[in-house]
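Shared between the two complexes below is chain A, which pairs with chain B and chain C, respectively.
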Partner chain A sequence: MALASVLRAELAEFSPNFPKNFPKNFPKNFPEDFPDDSEGIPEILRDPPGPPRVLAAPPWGFEAEPEGPGLQILHGTTTLAFKTPHGVTVAVDSRATAGSYIASQSVRKVLPIGGRMLGTMAGGAADCAFWQRLVARQCRVQELRNKEPVSVAAASKLLANLVYQYKGLGLSLGTMLCGWDKRGPGLYYVDSEGQRVAGAAFAVGSGSSYAYGVLDRGLAAAARSEEAACELARRAIAQAAHRDAYSGGCVRVMHVGPEGWREVSHHDIAELQDKYLEA
Partner chain B sequence: MSILACNGGAVLAMRGRGCVAIAADRRFGIQAQTVSTDCQRIFPMGQRLLLGLAGLATDVQSVAQRLKFRLNLYELKEGRQIKPQTFMSMVSNLLYERRFGPYYAEPVIAGLDPVSLEPFICSLDLIGCPMVTQDFVLSGTCSEQMYGMCESLWEPDMEPEHLFETISQAMLNAVDRDAISGMGVVVHVIEKDKITTRTLKARMD
Partner chain C sequence: MLSTAGCGLSLPEAGYGLEAPVQHHRFSPYTFNGGTVLAIAGEDFCIVASDTRLSEGYSIHSRDSPKCYKLTERTVIGCTGFHGDCLTLTKIIEARLKMYKHSNNKTMTTGAIAAMLSTILYSRRFFPYYVYNIIGGLDEEGKGAVYSFDPVGSYERDNFKAGGSASAMLQPLLDNQIGFKNMQNVEHVPLTLEKALQLVKDVFISAAERDVYTGDALKICIVTKDGIKEQTIQLRKD
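Moving on, here comes the complex of A and B:
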């Protein structure tokens, strides 16, 4: 499967079994004499025998709807991202719930992929963290090989293809890859169903409907300045946190521009709501 | 999803010196969606008697209304205010009548005896089992969180102001750890000569 084969590809050149003075020492009776590189990989990283192992922990918490094929439970969160002429504005909440228990109000739901791209997290936290980190690694290798920063389209394709191999096994991932490459601002939505779409604005998570309401209303005005865009993103997350029980905590707004990504602001939702709900 | 966890909500009552306090959150939601932030969960049942109900919102309203009806008849027949202990039995009876198709509401009663002004708190489960305690009673979706807060903060013989602070902190912090409760807290403190009602500013997420 993807994981072991990715690792195997990277490790081949550094395996101790790789023949010295290659290709002069190329074995005569290839492929029988060719060292099997899978011995160089530790036991724990090789593909296990039998059917593919599910990497994701089973979803826990309330079983509101039965998990059938095609039914994707959107886990508690609200994340959004939209493109403007200045770059991509990203905003996320920070609540994690286990059933109705609030497990944390300070989860980091934006994961940097290199210095120039951000990936948001919705769905299973472990799934998002792991696969995005793997993609970040792949992007770095690609950057070193091609001597050029990897494009958002390529990174999102890498992620989509990786998770597609595990389709149907229970991975839960709903992420937006945001970056700036030679084509300008790039924004892709990738999920564990194998969907990969480019777009100008997305909101993902259980509170996404409420965020879309605020976002759609102000998108045209947000293109005016970076400050207006960040304020719109902040407002949308605050509204979603208010209406959706499974979103809340604090709003983190980030911006990805030509120079890379940076954190714009970090506000507790309680203080934001004082400002907005009275207005 | 559990029927009691469909709308969310929490009620807490504490006993102090010569006073009782009862608090409830204000969220009314349908699973994840918050529909309103001004839901009434505490109902006046006498001059110094308040009933709080947590659970399915429709049953909260139905039980409160049916109970008020029975209470009105009692007051007309008896010509006096009901005692909290007697009211507890009335609630228990109403709930047990529906033993095999219960109201999904768990009540909490807080009040002062109309004659001796002795503080009284009790809670019941959804089929009417009464439980009288000397410290605090609670019901709702964040009951575990509330138990933790109450065990830490409650102390005996608190004056009304101190009781108000205690119950407020217990409630606010408990509902902040529950996704389906919160959106504001209302606190009533019942003393011998007045009932003070305060609405707390809380996290609205």
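Moving on, here comes the complex of A and C:
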């Protein structure tokens, strides 16, 4: 339902008598009042009976990813984030692969959610970009209604509940929501399986094991200063890119503090590897 | 997932292993029609080029089926993959452009079209449009803009991108010649229109040599502030 209401303009392609002339053999739990234009009830409070599979999947049933000579969707790779007393440090690589083809080495895997929160991208690129944009919109609406910045816990719960409706349908999303709210630094890991976990440090993606190796070793030291934290994050991603074929491109390090988020640095991994492999 | 409709055939489960493997021929709503698209963004121009061959399996359906579609005076889209989905998608985009023009009394900008296409593609997340899109045009400041998409709507702004069957052959060449990747001690000169056109012709000639789905003719759309000009160049027809 969330998907349908966002894409209402698309639904205009169907005829104006949409609910009435719809085929009779559709699932019985399909809502009577769909599409619903009333703005009285906030979208997030309107309980949808289920995801709009009827819009997208053909009636004879179909796999999410058909066997074609290559309907490959873009996947993302190594991202990490950890809390320090100064805020949350986030680092991502920038490689997007479609099967074994590197589709892009310059993907932006950090998606801003308002001025005070960042979401990372791992898994399906379109899934992450779409759902985080939707969450960013809902966070903004909530901020306007409550006159208070939305908390990281609330934003992560919004995202987790949205994707949970599509559990089992093939969404691929592994994202960390990082922000600073009235409770201090906030870091949540949310994925398309329905997990939503708060924590102090996470690495997500195909290269996450390699990143954990470097990250865990230096976390205590990184709490000393922001530069040390950023350097640790950078090394961890560089190590993951070195060992994981599906990670690479460049490292982008961002920091979320009490004043909001900012980009700290942006390095090509080829240059970093020259630097780190010597040391 | 939902009820994947069974074929009605049963596998030899605890069989003796003597039967020949049973062939399950499911209906596939997709087919691959081939074709390659390329877009390059310059300082004040944008080039979108595509070959014009429409194939299916071992056959060629048409030698004159270009994959560039003009959307507005400043934007061209190139769509390859499954031709049926390309046609429907371009119809939907054109309808949405008209709706926008009627509601807002202005033409959609290239960036706005890209964002809209992303949501159109994602609305079919569970039964995707089997189309690889590349949008080329001028942004609001008059600079060239190229947006490349995956079949479900993930998109990114680039300086140059190749999509379609020969994309894996063309993209590395463009990375080297336009992006100056893997070259040392080279002066990064900005790309002129003439050099870009020559490069496009050269890369497509090379692609036609090595990719069976690319060939016949090359259609180039050049987008500048004066409008959209088209050129057609013949390629190998074998």
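Details
We take it that the second predicted complex is superposed on the first by the 206 of 279 C-alpha atoms of A that agree within 3 Å, B and C clash if a C-alpha of one lies under 4 Å from a C-alpha of the other, contacts with A are read in each partner's own complex, and residues count from 1 in each chain.
Here, a residue touches a chain if its C-beta (ideal position, glycine included) is under 8 Å from a C-beta of that chain, and two chains touch if they have at least 3 such contacts.
All values derive from a computational prediction rather than experimental measurement.
In the superposition on chain A, contact of A:S225 is made with neither chain B nor chain C. In the superposition on chain A, A:R243 contacts chain B only, with no contact to chain C.
Of the two partners chain B and chain C, more residues of chain A are touched by C. When the two structures are aligned on the shared chain, A:A126 is found in touch with chain C, with no touch to chain B.
In the superposition on chain A, A:I269 makes contact with chain B only, not with chain C. In the superposed pair of complexes, A:S206 makes contact with chain B only, with no contact to chain C. In the superposition on chain A, A:G168 makes contact with chain C only, while chain B stays out of contact range.
By the touch criterion stated above, A:Y101 is placed in contact with chain B and with chain C alike. Of the residues of chain A, those at positions 62, 64, 101 touch chain B in one of the two structures and chain C in the other.
Chain B contributes residues 1-2, 5, 8, 29, 31-34, 141-142, 176-180, 203-205 to its touches with chain A in the complex. Chain contact summary for the complex, chain A toward chain B: residues 62, 64, 76, 95, 97, 100-102, 105, 206, 241-249, 269-270, 273, 277. Within the complex, the chain A residues that touch chain C are 3, 6-7, 9-10, 12-13, 53, 55-58, 60-64, 66-74, 96, 98, 101, 103-104, 106-108, 124-127, 129-130, 168-171.
Interface residues of chain C facing chain A in the complex, by the touch rule stated above, are 1-5, 28-30, 32, 81-82, 92, 95-96, 99, 118-128, 130, 148, 150-156, 158, 167-168.
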